[in-house]
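Right after this note come the structures.
There are two complexes below, and they share chain A, which is joined by chain B in the first and by chain C in the second.
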Partner chain A sequence: MSRSYLFIPGNNPNMLQNLDVFNADAVIIDFEDSVISYDKDCARDLVENFLKKYNFENLEIYIRINDFESNDFLKDVQSTLDLNINGYVLPKAMPESIDDLNKLIGTKGKTIIPIIESPLALLFVREIASKDNLHGILLGAEDFTKELNVPRTLEASEIFYARSIISIACNAFNIDSIDTPFTNTDDISNLRVDSLKAKQLGFTSKSSIHPNHVETINQVFAPSKSEIENALRIVTKAKTELKGAFSLDGKMVDLPIIKKAEKTIETAKKYNLL
Partner chain B sequence: MKSAGSLESSDCLITVSYNKDKNNTVNIESIVFDQFGEQIFEVINKSLQELNIKNVNVLCQDKGALDYTIKARLATALKRLEGENNE
Partner chain C sequence: MSTKILYNLESLYEEIDIFEHKNISFHHHLRNGDFVLNMVLKKYLEMDVKELNLFPSSIFPTYTTILDLIKNDQINNITTNYLNGPVAEYISKNGLIGKLKMQTHGGRARSIIEGNNNIDIAYIAAPYVDKLGNAVGYKGKNACGSLGYAIADSKYAKIKILITDTLVEEVDNPEIDGANIDYIIVVDSIGDSNGIVSGTTQVTKNPVGVKIARYTSELINELGYIKNGFSFQSGAGGVSLKATEYIGEIMRKNNVIASFFSGGITKYHVDMLEEGLVEKLYDVQCFDLDAVRSISKNKNHIPISASIYANPNDEKMVIKDLDCVILGAAEIDYDFNVNVTSSSHQMLMGGSGGHSDTATEAKLTIIVSPLIKARIPVIKDRVMTITTLGKNVDCLVTERGIAINENRKDLIEKLKNSKLKIYTIKELANIAHNYTGIPKQLKKESKIIGMVEDRTYDIIDYIYKA
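The block that comes next holds the complex of A and B.
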C-alpha cells in the first residue's frame, strides 16, 4: 500500500531524473495527457532509456499508458513490458480493457491501476475491482465530472458517491483506493481538507500532479500519532486477554478491531512512524 | 530532416538528415561543451554504431542532457527519419 502517487510527465527529462527526490511512495510516469500526440514516441524512447539506465529501490513505478482505443495503447505496452516497473495505470478503464491489458501483460508480473473516469465505468466498479492483477483503482474526477456536466467544487459533494463506492469496492477486494488529484497546486490548506475527506471515506491513498502536494498527502494517509498509540494499546491488551472480545476505555474490542489495529501498526512501521 | 527533443533544461534537440556522402557527421552545440562535448560526441557515435547507421548528419543542440536523454532523442529522431523515408 502506498500513500502518495505522483504523476510525472513522461517526456520531461528534468522531472524524470528527479523522480526519487519528491518523497512520493509511488510515481506514475505519464504517457497520456501530459504528452502531446506528436511526442508520444519521444516519451516512450526517453522512458525506456531512462529505466534501463537507472534502478529505483523502495519506489513503486507505474506508467500511465494511453487508453485502449488510442493508437498508442499497444505501442505503450509493448515498449515497456520488459522494463523494471510495477505496472500500468489504465485511463478510461472498463472491464474489457482490463482483460485486454492483462492478456498483453501475460506473465511479465505487472499490475494494473484502472482509472474510473466516467459514470458508465462507475456503474461497473464492482466488476472492475474484482479483476485479476489489480493493484488499486484511481478516481479521475476531472473527466468524471466533465461527463456528468457538473463543476468541480472545493466541497467535492459532486464526487461523494463516486468516492464512496470506489472506496468500498477497493476495500472489499483488498486493493488500494487512490483518490483523484487536487488540482490547485498552491492551495495546500484545502489539499489537506480534501485529502482528509477522502481518507474519512476509506481511501488508502491520493494521487497528485504536483510534487508540492506529496508531503501533505503522506501525512494525511499515514496513521496519526493517536491512531498508532490506540492501536498499540489494543494489540497489547489483546495479547493478555483470554476472551475473544474485551473492553477498553468503555468500548468493546473484538477481532475485526484487533486486526485493524495490527494493520495500523504495520503501516506505521512501513513509514518509520514506529 | 527530422528532430526529436526540446531546448528545455536537461534536454537536447537532435536533428538528423541523410548524408549523401555515405558517412556520419556529428555537430554539437552545448551549454556545457567545454566540460562534456567529447562525452556527448561519444554517446552519439556509439549509438550510431550500435544501430549500424553510416549515412546521417546529426546536430545535437544540448541544454545539459544526460547520456540517456541524448541516446533516446537520437533514437526517436532516427526512427522519424526512417519513417519519413518509408512514406
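The block that comes next holds the complex of A and C.
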C-alpha cells in the first residue's frame, strides 16, 4: 500500500531524473494529458531509455498510458511492457478496457490502476474493482465533475458520493483507493484539509500533480502517532488475553480491531514511523 | 570645510579637478535602479578622463557607462565585490588594462578604512539628505534602505560627495554623518524605485529547492542550533528563504526566539521580527520594499555599515557572533571550496559579497545547491574560481543528500545516528555522475585578468580570461 502517487510528465527529462527525490511512495509517469500529442513518441523513447538505465528500489513506478480509444494506447503499452515498472494507470477506464489491457499485459506481471473519471464508469465501479490484476482505483475528479457539469469546490461536496463508493469498492476488494489530485499547487493548508476528508472516507492514498504536495499527503495517509500507540497497546494486550474479545480503556476489542491494529503497525514500520 | 550644496555636476568640476582624482567609488544600494553611477561616469566619458581606478561596491547590469569607459581605454583597474551583466561579460572576455580585484563586503570596508583602497572621490547616492550632509537611505522618494556599503567611503575617501534628489532641513539618526561630507549635489532623480528592489527575493516553489530547504532546516535543527538566542543569516536566495520559513516553523513549535538575523534583509525576515521570533535585524542591505519600510519605523531593525557587518578588524563586527549562515554556490569542490564568482565556463557572474565573510565567521556554514544544475554536477574536482575557502565551509545540502566537511568531525559525530541522508562529498558527486557522466573540466586560458582577495588580504585565487 502506498500513501502518495506523484504524476510526472513523461517528456520532461529534468523531472524524470528527479523522480525518486520527492519521497513519493509511487510515481505515475504520464504519457497522457501532460504530454502534447506531437511529443508522445518522444516521451515513450525517453522513458524507455531512462528506465532501462536506472533502477529505483523502494519506489513503485506506474505509467499512465493514453486511453483505450486513442491511437497511442497500443504504442504506449507495447513500448513499456518489458520495462521494470509496476503497472499501468488506465484513463477513462471501463470494464472492457481493463480486460483488453489485461490481455496485452499477459504474463508480464504488471498491475492496473483504472481511473474513474465519468459518471458511467462510477456506475460500474463494483465490476471494475472486482477485475483481476488491479492494484487500486484512482478517482479523476476533474473530468468526472466536468461530465457532471458542476464546478469543483474546496468543500468537495460534488465528489462526496464518488469518493464514498470508490473507497467502499476498493476496500471490499482489498485494493488501494487513490484520491484525486488537489489542483491548487500552492495551497498546502487546504491540501491537508482535502486529504483528511478523503482519508476519513476510507481512502488509502492520494495522487498529486505537484511534488510539493507529497510531504503533506504522506503525513496524512500515514498512521498518526496516537494511532500507532493505540495499535501497539491493542496488539500487546491481545497477546496476553486468552479470550477472543477483551476490553481496553472501556472499549470492546475483537478480532477485526486487532487485525486493523496489526495493519497499522505494519504500515508504520514500512514508513519508518516505528 | 563646511558642506557645499551644488545643483549639477558641472558646478562640482569647477570646484575640483576631475583629471586629478582618478580613484573613484560608488555604492550599489540602488541596484538596477541606480541613475547616479551612469550620471557621474558619463562626465568622465565626455571629458575623456583616462587611467581611472573604480571602486564600486558592486556592478549591476544597468551600470553600462562602465562598459563604455572600458571600451574607450579609460579604466585601468576595478575593485569590487560582485559583478554581473554586460560589464562582467566584457571583462571576462577581454580583461582590463590593469586588473579586476574581487573583494568581500567586509574586506572592502577594511581596505578603505586601512588605506589599501585609496579612494579620491566617493560619489554616494543618498536618498534623504539634510543641508549639513547628514543622510539616511530609508527615506525619500527613492529610498533604498540601509546605506551600509557606503559608510566607509563617506568617512575615508579624500572627497566625499552626496548625490540626492531629496534635500530636507534635518535628518534624525543619520547613517552618514554630515561632518564628513564635502559636497551635496541635488539632482532631479537618483534612481528608479522599480529597479532598486531585487526581483529575486521570493521563497522558492521549485520542488528541488523546497526539498533542499527542508533538509537544510532539519540539519540545522538536528545539530542543535535552533535554540533561544541563536543567530542566523540566510541572504535572499529562494532556497535560503524557504529554509528560513521552515526554521520559523521549528521556532514556533519549540517557542524559540532568535537573538538576531544579519546581512541582506527581506520581507520574510521582517515578518519574523514583527512576529517576535527574532529580537533584532542587523541590516547592511535591504532587498525589498518591506525591508525598507521596516527599517524606517522599527527600532529593532538596525542599519549597519559594512565594517560593523563584516570587517574582521572591527571590534563591533556583528557576524563574529553568527551561529549559522546559509549560502549558495555556482560550484563546490571536493575540498569544499566554493565558487560564486564565475560560471564553469569562466564567465564572471557574481562575486563574494558577504559569502566569504560570513562563512569564515559563522559557527555553521551551510552551502545549498541542486546536485545537478542544467545537466552539470555542482561538485567539481576543483572549482573554476575560489570565492570562499573550503576550510570555512561545513556542509553541502542538496536534494539527494548532505555532505559534511571532514574537518568538522564534531558535526559528523553528532549526525552519526541521524535519519538524514549523509554522504561524503565524493559519494554525492558519484550520485550526480551516475546521471550526467563526468564532465570534462574546462582548461583555463593562460591570461590572468584578475584576482580574488579574501578579507584577510590574501589572494586566494586568480581569475582567468574566458
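In the analysis below, the second predicted complex is superposed on the first by the 274 of 274 C-alpha atoms of A that agree within 3 Å, B and C clash if a C-alpha of one lies under 4 Å from a C-alpha of the other, contacts with A are read in each partner's own complex, and residues count from 1 in each chain.
Going forward, contacts are C-beta pairs under 8 Å (C-beta built on N, C-alpha and C of every residue); 3 or more make two chains touch, one makes a residue touch a chain.
Note that the coordinates shown come from a computational prediction; the quantities given were computed from them, not determined experimentally.
In the superposed pair of complexes, A:22 makes contact with chain C only, with no contact to chain B. Counting contacts as defined above, chain A residues 17, 54 meet chain B in one complex and chain C in the other.
Interface residues of chain A facing chain B in the complex, by the touch rule stated above, are 12-14, 17, 41-42, 45-46, 48-50, 52-54.
Of all residues in chain C, those touching chain A in their complex are 205, 207-208, 210-211, 214, 372, 399-400, 419, 434-435.
Of all residues in chain A, only 17-18, 21-22, 54, 185-186, 210-212, 215, 272 touch chain C in the complex they form.
Partner chain A is touched in their complex by these residues of chain B: 4-5, 8-11, 65-69, 71-73, 75-76, 79-80.
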